[in-house]
Amino acid sequence: MTDITFGEAKIKAVGDLMRDDERVIIIGGAGFGGLLHAKHVKPLHDEFEPRILRTPIAELGFCGMGIGAAMAGLYPIVTIGTGSFAFEAWPQIVNEAPNISYMSGGQVKVPIIFHALVGIRISGAAQHSARPQAMLMQAAGLQVIAPARASDVKGLLSAAKDSERPTFWIDHPLLFEEKQPSNGGTSLPLGKAAVVRKGKDVTLVGYSIDLVRCLEAATQLANASIDAEVIDLRTLTPLDADTICESVAKTGRLVIADECYPAASVASEVASIFTDRGFGLLKKPARRLNFPAVPVPLSPPLEQHLLPRVDKIVAAAKELVN
Amino acid sequence: MIPVLSRDDCLQAFRKMLLIRRFEEACIAAAHKGQVPGHFHVYIGQEATGVGVMAVLDKGDFVHSTHRNHGHLLARGADPKKAFAEILGKATGYAGGKAGTLHGCAPDLNFPLSSGIVAGILPISTGTAYAFKHRQQPNVSAVFFGEGAMEEGAAYEALNLAALWKLPVLFICENNTAEVERTPGQAGYHAPNLSIFELTDLAKSMNIATTIVDGSDLGAVWNAAKTARARAVSGGGATFMEVRTETWPGGQWPTLVTGRTDIRHAWTREVPEKYAHLAAWFERNDPVLSVAREMLAVGIVSERDLSTIDAAVQDEIDQAVKFANESPFPDSQTALTHVWPQ
Amino acid sequence: MTDITFGEAKIKAVGDLMRDDERVIIIGGAGFGGLLHAKHVKPLHDEFEPRILRTPIAELGFCGMGIGAAMAGLYPIVTIGTGSFAFEAWPQIVNEAPNISYMSGGQVKVPIIFHALVGIRISGAAQHSARPQAMLMQAAGLQVIAPARASDVKGLLSAAKDSERPTFWIDHPLLFEEKQPSNGGTSLPLGKAAVVRKGKDVTLVGYSIDLVRCLEAATQLANASIDAEVIDLRTLTPLDADTICESVAKTGRLVIADECYPAASVASEVASIFTDRGFGLLKKPARRLNFPAVPVPLSPPLEQHLLPRVDKIVAAAKELVN
Amino acid sequence: MIPVLSRDDCLQAFRKMLLIRRFEEACIAAAHKGQVPGHFHVYIGQEATGVGVMAVLDKGDFVHSTHRNHGHLLARGADPKKAFAEILGKATGYAGGKAGTLHGCAPDLNFPLSSGIVAGILPISTGTAYAFKHRQQPNVSAVFFGEGAMEEGAAYEALNLAALWKLPVLFICENNTAEVERTPGQAGYHAPNLSIFELTDLAKSMNIATTIVDGSDLGAVWNAAKTARARAVSGGGATFMEVRTETWPGGQWPTLVTGRTDIRHAWTREVPEKYAHLAAWFERNDPVLSVAREMLAVGIVSERDLSTIDAAVQDEIDQAVKFANESPFPDSQTALTHVWPQ
C-alpha cells in the first residue's frame, strides 16, 4: 500500500482494464485529465494507440458510436472531456443508452463507460463547469459512478464493466493530483457507500471532489474536538441509503457537500432519505452545501464565494453539534 | 427491374413484400379496434426498399431502424407472430411488450433496438460498423432512416464519422417525400426542410459513395445494395443510398386511405371508384403491384400463382394476429425487470 | 367564470400574448397539442401564420435560433413538441440560455419560452415519455413553469414574459382535455404555489398532470372522510417551500405525486424541504409516488403499474392518516 | 491587398490589428505572472480577419464569437481596459468579472455573450439574423468560429436554417489549420477531422454563397466581407467565408512561442536566431507584418510612422493592463446578482 495520486491510479485502472480484455477500446481523444495532466495520460495513449479512436468534435456522434460498438461486443470507454460537453451528447446518453437493455427485454446489452471531468474546475466559467450528475440520476437505466479515492477507482471500474450496464463515470478535474493510499484492486459492489472515516458526532456526506473537502473538514473538526464520520457515496446510481442511515442513526446530524445546484440535486436526494427510510433519525435539520443557483462566474472571489468550501462544511458541522 | 434476379429470389422477395403489406393492413385494422397502444408508422409503399436491401445482407450484418421499422423487421426475417404481439404490447412479443411499435427489435437477427428519435440511430450504426472494422470482420451495418433525419445534426456527425474511418455502413435514406415540390421554408412532416437539394450531395461532399434509386423498383434497390455491401466489406467504406418513393397516400395515421390491396389489381387494373384519385399511385408507385406486374410480364408467375401466394400470406398474417390477440399481456411485475438485479 | 378545457385556455393564452405584443413569435411548428389536438391549435396557427416559423427537425438549431431572436428583441415561444426532444437541444436550453444574462452582468437578456409536452402520454414508450423537469431544475438561471389549470395558464405565461427570463414551460399531453373553471387572466407571481383544495388531514402535492391526479384522489379521500389539502406547485423553479411548509404544519402528513424518476426528482426536492426549513413538521414519513427507476414500457399494464396513479395516492394518504 | 482600401481605412485597420497583437501578448505576459484565471485562446495570426470583417459592419449589426474572442472584441471597438479587466475577472470588466476570457462580450456594441461551446454560437447567430429579417431591418449578424466547429451537428443545423430562410448571416469560418496536411482519422485540436475536404462544400450544397480568403490579406478579407454584407442586406441570404490562416506557431497555451512581435521586423526582416524556425511564418503569414509591409511598399507609411503607431498602441495596452491590475475584484455579494430578483 503506497501513496499515489488519484490520477495515477485512474490511468493504471484504465490500463489494467485494457490489458485484461482486448475488447476494451477508448473513443474520444480527450483523455482522462485536463491539459495540465496530458503528460500523465500519454503513456496510456501510447501503449494502446491502435485501440484509441480520436474523434472529431462531435460528442453526439461519437457517444452514439460508442453505444453501437458496445452493442456489437466491444467495451468502449468514451472520453467526453469536460463534463459540460456531455450535454452535446445528451440524447444518446440519457435517451438511447439507458433504454436499450430494458426495452429489448434484456436481450441487447450496452456495456459502456462514458467518462467526463465534471464540476467546478476553477475559473472554467459557466459553460465549462457543469455538474450533470443529478440530471444523470434522472436517467433510469444509467449507472453513475464517482470514484474519489485511488483505492476505489479500479474496483468501481471493474464492477461497472462486469455489470454490463451503461455507466457514466463522474470524474473531477481537481481530483487528479490528490495523493492517497492505494490498496485497491478487486471489484467493488456498486451501490455501496464507504465510511471513509469513523466518527460519532456528525455525518459528513460527499462524493468526488466534495469527499476530499469533507475529509479535510473532518480533520479540522477533530482539532475542535468534533468527531465527524465521513461517507463517500461512490456510486450515485444506485445510491446507498442504508449506509447513510446507519451513520445518522448514530450521529443524528448530517452535512452534505455537493457541487450541484441546490434543487433536485444529489444533496436533495440524500437529505430526502430522512423523510422516509431514515425518518426520525435526524436530531437537527440537515445542512446541504450546494453551489447556489447561479451560473458559475469566472472571477475567483465570486467562484470561491459560491463553492461548498471546506470552511463552510466545518462551520455547518459546528453549528449542528453545538 | 426483375431480370437481374433469379426466379426464386424474386418470388421470395415478393412474398416478403406482400407479407409486409398485409401485416401493416392488419395493424391498421387492429388500431381501428383500439388494440394498438400508442401511435405507429406503417411501411406501405416502401416495401421494395427493406426487402431489396435485406436480401443482400448477411446473417452477421447489423440492421438498424427507426420509428418506421415494421417492414424492416419482417424483411429481415422476423416472425410476424412475435412482431405483431410486440406491437400490441403482449408478453409473447419480441421484447415482452416493453418495446412496442417504436422500438422494433429482433436481437437474434442482429436487429437491435430501433430508435424512435429522428436520426438517433445513425450514430449508433457507425458504432456497430466500427466494431466490424476493428475486428476485421467482413460484415456491414445497414441503417434505415427517413429524409427527415437529414435535418438533424446527428445525421451529419454520423456521416462524417463513417467517412473518416471508411466504416462499412449502408446508409439507406428512404425519401418518402420525393414527389413533394421542394419549397424551402415550408415545414411539416412530409415536406423536406433541408436546403440541400439533392440529399446525396452531403455524402458526396464527404467522399462517401452515393446512389439514387427508385423505391418501387425492387431490382434496382437490390442491385444498389449489393454493390454497396461489396464496397463496404472490401474496405471501400460507406455508401449513401437515397431510395425515392412516393409518399403512401394514406399517410394520415391510422387510416388506410388506399384501402386493402387487391392483388388482382396487378392484372385487372380496375381501380374502384372510391380510390379513383389514387389511380396513378396504384399504376406506378405501389411496389407490391409493380413487382407483381413485372413477374407476370416475364412469366415468372401466373395470375393464379399470385392469388395463391396472397392467400398463403394472408393466412400467415391472420395467424399472427390471432396469436397476438390470444397472447396475454405481460405480468405487471415484469415492469421492473431488466434494469437492475431483482 | 365558465368551464373550458385546459387546452382551450392554453391556446387562448398564447393567442392573447401574441395579440398583445407583436414581438411574440412562435418557432417550431410542433404546436401546443399532440396529433389528436391539431384541430384545436389550427385557429391559432391560422391567425398568426406570418409569425410562426415552421422549422426543420433540428431542435438544437431552432432552440438556439430562438435564443438569438430573444437577444435581438423578439419574444419567441419555441415549441419543441414531445418533451423528449428537448434533449436534442440540451446544450442550448441548459448551457446557453440560462447563462447569458448572468454572465453578461445582467446586460443581455434572453426572454424566451421553451414549450414541450412532457411526461407519460400513455404508450409513448421509453423515448417519447421523458420528464425532463427535474433535470431542468438543475439549470440555474432557467425558470420552470408547469401550469395545470385553465385559470393559471395565462397568468403564468404573462409573468414569465414579464420576467424576461428564459423559461421552460412543462406542459403535459394529457392535460389538454381537462375541463376546468376558467377565471384566470392577470399575471401571477412566479414561485408561488396554489392551495387548490383546503384540507386538514394530509397534504397532497402535485403539479401538471399529477395535480389532476391529486385532486381526484382528494375527492375519493373525502368519501372516506379524509380531508386532503391539495397543493399545485405551479412553478418548479423557483419552488415555493413556504406554502408547502404551511400546509404540512397543519396536516403533518405529506404525499407527493411526481411522474419523474425517483432519484433527484421534483418529489425529492419537495420532500427534502422537511429536513431543513420544514424540519419537525412531518408527523409521519413523507410518501413519494414517482415513476420507478425503469424506462417507460409500451405495454399498457406495465405502464399503468408504474404510474403514480390516483389509487396509489389515495392508498398512501390513507396509510398516513390511519 | 491594400490598394482597395483608403489610406485612412488602412491605417486604422492596421492600428487595430496591432492593438490586438499587443493585447494578446499582454495576456500571455499576465498569464505567466499567474494573473489570468482559467485558460484562454489568443488571436495572434488571425488579426486581419476580425479587423477586416468588422470594418464593413454597421453599428446595428450583431457580432457573435467563441472561445477565441479577444480579437473580435477589440476589432469591434471594445475598450481594451474593460476587456483586459474582464479577462482578469475584475469588477471593472465588461461583465463585472463574471464572463472572463471564454465569454467575451460588449453588449453596447451589439456583441452579446460569446459561447465557449464549440459551434454553440452558430444557431444563436441565425436567431439574431432572423430578428433582422422579421423586422425588415437592413442589418446582418456576423458569426466567427473555427474550422473545428464544422465537426459539430449544431453548425450543420444552423447553416440549414440560414439557407432555408435566406437569413442575413455572415458565417466566418476561421480555418487556422489550413496548412496542416489533411489526414482523415488523425484528430487533435489542430488537425481537422472533417471528411468534407473543402469546408465551403457544405454551404455550397445548401446553396449558400461561399468564398475562400487568405487570412493574412487584409484587403481580401475586407472585400469579401463587404460583398457578403451587401448580399445579406439586399435579401440574398447568408455567405460562408472560409478565412485561411496558418496556425499561429505558438498554439501551445500560454506560451508566446513567436516571441513579442518586433514591428521593425517588417522592414529589417531580421529573424532572431531563437526564432529561425519560424522565418517562413514571419515572412508570409503574420498578418500584422504583412499589412505593415504592404503599407510601406505603397508608401502609406514610413518605417518611422510604424514605430510611432506601435509606441502609441503599446502605450494604450500598457494603460489597459495597468487599469485592469489596479481594478478591484468584484464584491463577493455580486456573485448572486443577475439571475433572480434580490
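So that you can tell them apart, the chains are marked A, B, C and D in the order they are listed, and the count of residues begins at 1 in each.
Quick note on the criterion: contacts are C-beta pairs under 8 Å (C-beta built on N, C-alpha and C of every residue); 3 or more make two chains touch, one makes a residue touch a chain.
Nothing here was measured: the structure is a model prediction, and the numbers come from that model.
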- Among all other chains, pick the one whose mean CA position is farthest from the mean CA position of chain D. B
- Chain centres from averaged Cα atoms put chain B and chain C apart, in whole Å, by 37
- So how far apart, in whole Å, are chain B and chain D when each is placed at the average of its C-alpha atoms? 48
- Inter-chain centre distance, chain C versus chain D - centres from mean C-alpha coordinates, in Å: 42
- Message: Which positions in chain D are in touch with at least two other chains?
- Response: 96, 98-99, 103, 115, 117, 120, 151-154, 157, 160, 164-165, 185, 193-194, 338-340
- Note on the structure: Shared-interface residues of chain A (touching two or more other chains) are 55-56, 58, 60-61, 84, 88, 91, 95-96, 99, 102-103, 125-127, 140-141, 292-295, 297
- What topology does the chain contact graph adopt: line, ring, star, complete, or other? complete
- Where on chain D does chain C make contact in their complex? 62, 94-96, 98-99, 103, 105, 107-108, 112-113, 115, 117, 120, 122-132, 134-135, 141, 153-154, 157-158, 160-161, 164-165, 337-340
- Note on the structure: Per the touch rule above, chain B residues touching chain D in the complex are 151-157, 159-160, 163-165, 184-185, 193-197, 201-202, 204-208
- Item | chain A contact footprint on chain C (complex, rising order) | 84, 87-88, 90-91, 94-96, 98-99, 102-103, 125-127, 130-132, 134-135, 137-141, 236-237, 239, 254, 260-261, 263-269, 271-272, 274-277, 279, 282, 284-288, 292-295, 297
- chain C contacts chain B in the complex at 29, 35, 54-58, 60-61, 84-85, 88, 122-128, 292-295, 297-306
- Task: Show which residues of chain A lie in contact with chain B when the two form their complex.
- Result: 25, 53, 55-56, 58, 60-74, 76, 91-92, 95-96, 99-108, 140-141, 238
